[in-house]
Every structure is written in C-alpha cells, then in structure tokens.
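Across the two complexes that follow, chain A remains constant while its partner is chain B and subsequently chain C.
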Partner chain A sequence: MLRPLLLTAPAAALFVLFLLVPLGGTAVLSLHGFGMYSGIDSSYSAANYRDLLGDDYFYGVFARTLRIGLLTTVITMLIGAPEAYILSRMRPPWRGIFLLVALGPLLISVVSRTLGWAVLFGSTGLINQMLLGAGLVDQPIAFMYTETGVVIALSHVLVPFMVISVSASLQRLDPQLARASASLGAGAFTTLRRVILPHILPGILSGSIIVFALASSAFATPEIIGGRRLKVVATLTYDEFLNTLNWPLGAAAAVILFLTIAAVIVVCNRLVERRYDRMRG
Partner chain B sequence: MNGRNGIPALIFHALFVGFILAPIVVVSFIAFTPAGYLSFPTHGGSLRWFIALWRNSDFVGAFQTSLWLAAISATVAAALSVPAALAIARHAFPGRAAVLTLFQSPLMIPPVVLGVAFLRYFTQIGLSGTFFALVISHIIIVMPFALRTVLTSLAGIDRRLDHAASSLGASRFTIFRRVLLPLILPGIATGWVLAFITSFDEVTMTVFVASPRVTTLPVRLFLYIEDNIDPLVAAVSTTLIAFAVLALVVIDRLFGIDRLLVGDSRAAGRHAKRPHTSHRTPQQNPVLARSRGD
Partner chain C sequence: MRSGSILLAISLILAGTGATHAEDRTLYVAGAGGSQEQTLRNQVFRGFEAKTHTKIVYVAGNSTDILAKLQAQKGSEQIDVAMIDDGPMFQAVSLGFCRALEANPVYADLYDLAKFKGGKSVAFGVVGTGLIYNAQMFKDNNWPAPTSWLDLENPRFKQKLVIPPLNNTYGLLTLVEMAKLNGGSETNIDPGFTAMKDKVGPNVLVYEPSPGKMTELFQSKQAVIAVWGSSRAKALADTGFPSQFTYPKEGGIAISVGICPVAGGSDKPEAQTFIQYILSPDVQATLATGAGFGPVNKKTVLTPAQQVGLPYGAEQIAQLKTIDWDVANANREAWNKRWVREIER
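And now, the complex of A and B:
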C-alpha cells in the first residue's frame, strides 16, 4: 500500500504545491477588491463578478466568445468528420500520409499557424487576390480584425481534434456492417446515414466538446487575428492582468471562463455517455 | 489511390488538404523572400531573413531559453512520470483515480487560467519572471503527455514477464531495470519528445509567466507580431515548423505516429496486436486527443 503512494508522491507534491494552490489562490484573488492607486486589497466580496456580469461590454465579450466557440465547433464538425471518413476509406500508404498531413499541424506552434492566416487574410493577401481575380467580389473582404477571420483561423487550428475523435470512433466500426447494409439493398447514401453516422455520432460529439472548450478559451489566435478591439474573454483577462493591472477583475473573468467551459464539458459528456450506453444496449 | 472514395470525396479531400497546408506553406515560402516586406508570391529566394534572425539577439536569446526550458521540463516530467505511471498502471490504491485526474488536469484547464494562476502565485512567492518559474509551470503542463505515453507502454506489457523474472530470483528493482525499463523506453522517449515540443510551442500560459528578460521564442514572436508582421517573423515561424517536422519524424520512428494520434494499435500495421493484459490503463485514448489547442 505504501509503495504506490511513494511512487506518486514527488509528482503529486509538485502538482499540489504548484497547481492546486495557485488555482485556489486565483479563486481567492477574484474576490478581492482593487483600487487604481491602492492596488489589491484583502477584502472579500462578489463585487468583481457583479461588475462583470452586469456590464454590457463584458456581456458582449462573453457572448462573442461563445459565438466564436460555437461557430468554430460547427465548422470543424462539417469539415473534420467527412475528412475522417474519407481517410478511413483510403488504402495504405495514402491513409498514413494524409493522416500525418491532417494531424501533423498539431505539433506546430499556434502562433506560426495563425501568422500564416494573418498573411493570407490581408486586403492584398492571397485570398483576396484570388477572390478579386476570380471576380467573386468587387472589394477585398475584411478578414483581419473580424470574427469571420478568427473563426476561420481557429477552425484550422482545431480541426485536427475533430479528425482524431471521429477517426477513433470509425476504428471501432466493424467494416462488415457497411457490407451487410449494402447486401440488404441499401444505397451508399442510406448506408452512410443509417449505419455509419449513428455509429460515429459519439465521436463527433466528443470531438465537438474538445473543439468548443479549446475555441472558447483560445488566446493567441483571437489576439493576433482579432486585434486589440475584438476581445474575447481570454484576451480580456490578459488585458486586465498585463495592461490595466486590475488582477482581481481579470481573475474573476478567468474563473467565469473556466466555470462556463467546465459546465459545458460536464453536461455534454453526460449526453455523450448516455448515447454510448444506449448503443451498447 | 483508392477504390472506395468517389470523385466528390476526393475533391473534398483535396480542398481539406489545401486548407490545412495553405497557411503553413505560405509562411515557409515568405521566410525566403529577398524583399524587405511581406509579399506573396515572392520572386527569387534568399536567406537574408534567416541571417537577420541569426543576428537578432532578442530572438536568439529567446530561442536558447526555449531550448533549455523544453529540455529541462521534458526531462523532469519524464523522470516524475515513470514512477507515477508504474503506481497507476500496476497498483490498486486509494486515490488512484484522483491522482490520475490531478496529473491530467492541466489539459482540462484553459491555459489562460493557468497563466493567471501562475503569475499571481509566483509574484506572491517572489519568483515572478524567473527561469525557475518557467520551468515549474512547464513541467506541470507537459506532465500529461509524458505520463500518457508511459502508461500506454506499460499497458502493453505482459505481466507474466514480471512473474517469470521474479521466479528466477530477480529483485523488484532488477525487474524494473532489466525487464520493464527496456520495454517502456520507447514510451518514455516519445513522451519526452512530445513534452519537449509542447513546452517549446506553448505561448498562452507562458505569456503570463515570462518577463522581458526571460522569455521564450513563441512568446517573443507573439509580442512581435502584435506590433508588426514582416518577413522576420516568417523566418522565426519557419524555424518552429522545422522543429515540429523533426519531432514528427522522431516520434514516428520511436512510437508510430498513427498509434500516437489515433491511439488504437489496430490503426498501425507495424504496431499491430500488442499483447493485452488484464491490467490496462484506465483510458486508452489517443495521446494527443486532448491537447495543444490555442
């Protein structure tokens, strides 16, 4: 009994001392007051939360954060799930090669990936050059400093998670099922809709939970593409900490972000698990 | 190329691949521009921006900090995760699930929240903006990656090997050193590489912990981009991309990239059919399934 405790003790001590204590400290910090000249005081109140939740500006930032999270989730679902299905039907070595192409970007810094979009997005950038050249638009489309641009870049950053999640559930799918369905006279589309889709739905849902959580807490992409005015909760928190220096208010924004995402994850996980249970019968 | 995907599926696939590669390819191209400004497509190639990068002491300093930080935090995380993984995979003890959740929790907490928590804490204990603070915070965020690959390796080991070794008179430590360690070494090495690249790339949490004196390459790049975008940042990005490609190759050699990304041994031809033991790790999820967003 002593052995496993001793084996985990060094890591556990580090995590308690340098993760749980700081997180607790942040929760406490969010309850403190702040004065422009007096700094952080040691009083306790829910004033920061009242200020944030009653403030139209914060409300707008919060709504934008959730909107960006939701839109990004829908887009990664629409492009990631079909791609995972297409990959699963490829033969080796193509399958391995394209799996690498789809998932490899996860190992590249998000700053580099976002920078690529910033270059492509400019009013004289490649995307607008192509759109103008093809006569699809008369004037350059504004991607930089818009929600559209943030959502496109975030979808690119996060779509690998959807591909991973759906690929994992496609692996559990017995290939015989599709053949059985075809032999019973179902067309390709019917097989896809009635046999494949219900099976990979849990994978799509758990991928969506991951993408939503990461998109609504994203920082670097909204900051670079969204600029200084298009704030989300994460970049607002950053401003409070490093520019305005109102740490208690920033801590309260961080806590609200954390709790909202945690609540979404917990509720959606319940739904996904219920679905898995039903499938197992 | 394949018999089962129709033409519309292949068109979709081509568009998807274009979408994924476009920003990465564009950045890598721009880094080699001879021009003094950002333009694409560029005409001719030159290394002037890589030379400018080499002469930029800010970026070179940040690059060195990043390398040391990634190497130290990955090594410490690997050293901590081996005993922890042994305990979690091979012993039933009270609090086992709680400990596992604790070690995985940095993946569930938004990096901004972690950054805020570390900034406040390290300021309170007087270590704000130090290299030590960076190392501690990075050990915590890379630990889940190191732990996961070691757990996955341990799950694939037949426990009868232990019994055989111990019946031949090997002590517990000898079993670990002569039987287990060689078997989990690829897992440890893969975890180390993943931890290294995670630390090397991390920006959101680090932006809070770093200071102007002690900063990492992605943070330096991020702060630079906030002011202006020029070919120099493309050269930095290309360097980061080159590191990612290197990591990808190393991981594939050590562990099998498909096993790492999709998680199931069925995905991999080379790594197919590992022996299953009764003592599997609690979740056999893909190592990367929850990670490395923004």
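And now, the complex of A and C:
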C-alpha cells in the first residue's frame, strides 16, 4: 500500500516544488497592490483583476493572443496532419530522414530561430528581396511587427508537435483497414476521408491542444517578431514584470492566461476522450 | 505565464545564494551592457581590484532590468552597486533601493547636474539625446540632414524611424519634447501624445529599447533615422558604419547616467569607494573615450580629438536641455499606461 506512494513521491515532490509552488506564488502575488514609487504592498484585493477585466486594452491583447493561437493551430493542422500521413507511407530509410527534417525546427534554440526569421522577414530581408525581384509585389510586404509574421514563425516551430501527435495515432491504425476499405470498393480518397481521418482525429485534436497552448503562451516569437506594438498576454506580463515593475498586475495577467488555456485544454481533452471511447466501444 | 514563474524562481535562487557571498570580498556591480560594459571590464575594474584587493563581478542589463533585479533581491541583497539612468534611478531611490553616499571631496568637483537630490545617488556620465541617421542613405536619396525634432514628423521617414519606448529614457524625452514643440509641456502632455499618435507614429517602424536590436535595424537598413544617445551613436559610428549623430536646433537633451550604493545586504565599504573611484578624473576620461560618456567631474581633461561626439565641459553640458524630472517622474505611471494604449498599438 505504501510502496506506490513512495515510488511516486520524488516525482510528486518535483511537481509540487517546481510547478505548484511557483504557480501558487504567482496567484498570491496577483492579489497584492502596487505603486510605482512605493513598490509592492502586502494588502490583498482583487483590484488587479478588476483593472484588467475592466480594460478594453487588455481585451484587445487577449483577443490577439487567442487569435494568434487559433490561427497557428489551424495552419499546423493543415500542414502537420498530411505531413504525418505522408511520412507514415514512406519506406524505412527515408521515413527516418524526413522525420528528422520535420522535427528540425525543434533542434534550434528559440531565440536564434526567431532572430533568423527576423532577418528573413525584414523589409530589406531575403523574402522581400525575392518577391520584389520576381516582380510579384512592388512594395515590400510587412512581415515584421505584424500578426502574419508571428503566426508564420510560430507555425514553423509548432508543426513538429502536430506531426508527432498525428504519427502516434497513425501507428495505432491497422494497415489492414485501408485494404479492407479498398476491397469493399472505396477509392483512395474515400478511404482517406471515411477510414483514415476518423481514426487520426484524436491525434489531430491532441496535437491541436499542445500547439494552441504553446502558441498562446509563446513569449520569444511575439516579442522579437511582433515587437512592442503587437502585445500578447505573455509579452504584456513580461513588460509589467521587467519594465513597469508592476509584478502583481503581471501576475494577474499570467493567471488569467493560465486559466483560459487550462479551460480550453480541459474541454478539448474531453472531446478527445469521448472520441476514443466511441472508437473502442 | 512562463516569465512569471522564471522571475519567482530567480528570486528564490537569489534568496538562497545571498547569504553565502556575504563574507567574500567580492563587489557585485550591475550596469548597462555594450560599450559601457566593455570599457569597465577592460580598462576600469582592474585598477580598482588591484587597489582594494576586491574582485568585481559585473551584471549587465538595461536600467529597467536592473531595477527589476533590485526589486527581486530585496531582503537578501546581492548587488552592491547599481548603475542606472536618471529616471529609473529616481524610482530606485524612492523605492528605497539605494543607501546614502558617504561624504568625500570628489563630490565637490562634480557639475551641478550630476548631483541628484537626496544624496543617495549621483550621475557618473552625461549622454546627449539627439538624432542618429544613416548618412549614406540620406545622400543616396538626396535628403537634407535632419535639423529639428520636428523632422520626426516628416512623412519621408514612413516606417523607417525607430524610437525607444516610453519606459526607456529616450522615449520619455521624445514625448516631452514633442509636447513642448506642439504647445505643451511636462505639465500639459496632451499635445505630445497627439503628435506622437498622429504625426510621428506612422513613421515609426518599431519602439525598440534594445541597443543591439537598434544597431541591427540600422545595419540591415530597415531603420534610417532614430532617437538615440551620443554614447550609443559613438559606439555605432566607431564600427565604421556611416551613421551621423546630431543635436536638433531646439537642443539636445541631457540624460545623466546614475550610480548608487544598494541599500541593505552587507553594506560593503568597497561600494562607496568604487563610486568615488568611478568619479575620479582619470576613470572619467577612460569612460569618455571608451564608452562616450560626457565627464561629470570638472577636473577631467580630454584632448580635442577625444572630445568629439560627447558632451564635454561646462559650456557644452549647459547647452543640453533637461526636463522637469519631478513632474515627469510623478506622472510616469499614468503616461506609461496611456502610451501603451494610444501609441503602441
């Protein structure tokens, strides 16, 4: 009876110490007051939440964060799911090689990868030079400091999570199913749509959860590509912590973001579970 | 979310390590990166370390970062000396992060502008705020060199202008100057916000606080003109980049870069000695030639060649304008709120 508890104790201690304690600390911090020249006081009130939730500016930032998260999720879905399917149909040496290529973005540190995008995106950057040179546009396209740029850079790094998640559910798929479907007269497209897709849908959904959570809490990409005028909740939190020094307000914004993402994840997870239950039963 | 937990983790780490270093003869100095860090590390610290048998550890970061660190370490202070710009320094003093300066003859040799109110902090360098521009691109386009702060409103600089944000002193000075040129002042800031929003805003590519990023924007030709300081401009020009720095005809604006001994902690006497050392004429000359800081000690002597590009001497320092810091600091919180809502969106 005691053994399972003892065996899980180290992991539990790790979670409590490095996840729950900082989260709890942030939540407590968010209830304190702040003055620019008096610092953080020890009072408790919901004033920071009232400030944020009664402020159009914050709703704008919040809407942008969710918009970027959602767009990134849709794009990674459209790229990642077919990519995973194609990878699963490849023969051994190539499958490994291309899987590594697909996971490539994760092998580079977020800051250097994002700065790389910044170099490509600039009005004098490679992408705009190519587009101008090919005569496709006559004015450089604004990628830097726009949501378009942020979504492209975020999709680039988050596609691998979708690929991994969809690949996992493709591996669980019995290859005989596709043949059975063909033997019953279904064409390739019908098989894909009626047999394969329903099976990998849970994979796509759980991939979406990961991508959405990472995209809406991303910091480095919106900070570097988006700049100060394109605030998302994570960069707003950073700004309150490091520039205004208003830690309580930053903590409140962080808590709201955390709760929102957690709510989205819980709801989506329910959908995934239900889907799996239906498949099993 | 993530940055919140990281900061908490950092403060926990600081709290844990503070005590172990209290006995060491090590002085922790926090200050700006870039040319200031280079000059201090390569030419200034060694002399002090030899003289006092103290080891200096330098923590680089911009003024608001350091202020955040001072807040994080409160109660278990580790940083002994903080070097930050005048605006954030005012905030640091009022938040109780600085301790009183001990009396020393060197303070009598300073220009008045260097002596901050309250006796807890002092300026160790003067930087002039003006306009930096890519002279090569101005020539290629046959544009006349900028002469006025109002040139920031010129539509030819659409998406080619960079200004540091309001939480950065350069941004604050720009806002106040635009207010003054449009019939306002520190106490009547509305015209400044209107001008920034309607006339300057469309030209601004990005409100960028990082000197590294600013340099990159110039080098990649995305930025053609910017509001910046004489010391930063000198560092960029010294790399061979065809940039020019100019004080607009309405006058450049002075930024005094401050230094203070950090309150609390182990109150090392070396902190006071270090500040006196930084203010000595020799070190002042080194900081001038290396990092482009205008000397605050009247006894500092520079050759004419060394004087180029930095405010030097009573006359030049007197020509630089200052803003009413009491009003600006009192309103900073409200201005900041308004800035992120009206200007940075």
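What we mean here is this: the second predicted complex is superposed on the first by the 261 of 281 C-alpha atoms of A that agree within 3 Å, B and C clash if a C-alpha of one lies under 4 Å from a C-alpha of the other, contacts with A are read in each partner's own complex, and residues count from 1 in each chain.
Heads up, the rule we're going with is that a contact is a pair of C-beta atoms (placed from the backbone, for glycine too) under 8 Å apart; a residue touches a chain by one contact, two chains touch by 3 or more.
As the structure is a computational prediction, the values presented were derived from the model and not from experiment.
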| item | value |
| --- | --- |
| Which superposed partner A:65 touches (first chain B, second chain C, both, neither) | neither |
| Chain B versus chain C as contact partner of A:238, first or second or both or neither | both |
| First, second, both or neither for A:210, with chain B first and chain C second | first |
| Residues of chain A touched, compared between chain B and chain C (which is higher) | B |
| Partner chain in contact with A:73 - chain B first, chain C second, else both or neither | neither |
| Touching partner for A:167 - first (chain B), second (chain C), both, neither | first |
| First (chain B), second (chain C), both or neither touched by A:99 | first |
| Touching partner for A:219 - first (chain B), second (chain C), both, neither | both |
| Which superposed partner A:123 touches (first chain B, second chain C, both, neither) | second |
| Touching partner for A:25 - first (chain B), second (chain C), both, neither | both |
| Chain B and chain C footprints on chain A, overlapping residues | 18, 22-23, 25-26, 29, 119, 125, 217, 219, 234, 237-238, 241-242, 247, 250-251, 254, 257-258, 261 |
| Residues of chain A that touch chain C when the two form their complex | 18, 22-23, 25-26, 29, 35-40, 57, 60, 119, 122-125, 142, 144-145, 217, 219, 227-229, 231, 234, 237-239, 241-245, 247, 250-251, 254, 257-258, 261 |
| Complex interface listing, chain A residues touching chain B | 1, 3-5, 7-8, 10-12, 14-16, 18-23, 25-26, 29, 79, 82-83, 86, 89-92, 94, 96, 98-120, 125-126, 153-154, 156-159, 161, 164-165, 167-168, 171, 210, 213-215, 217-221, 223-224, 234, 237-238, 241-242, 247, 250-251, 254-255, 257-258, 261-262, 265 |
| Touching residues (chain side chain C, partner chain A) in the complex | 1-5, 7-9, 64-65, 67-68, 71, 91, 94-96, 159, 165, 167, 205-209, 220-222, 329, 332-333, 336, 340-341, 344-345 |
| Touching residues (chain side chain B, partner chain A) in the complex | 1-5, 9-10, 12-13, 16-17, 19-27, 30, 38, 40, 80-81, 83-84, 86-88, 91, 93, 96, 99, 102-103, 105-106, 108-113, 116-121, 124, 136-137, 139-140, 143, 197, 200-201, 203-204, 207-208, 218, 221-222, 225-226, 229, 233-234, 236-237, 240-241, 244-245, 247-248, 257-258, 261-264, 266-267, 269, 285-286, 288-294 |
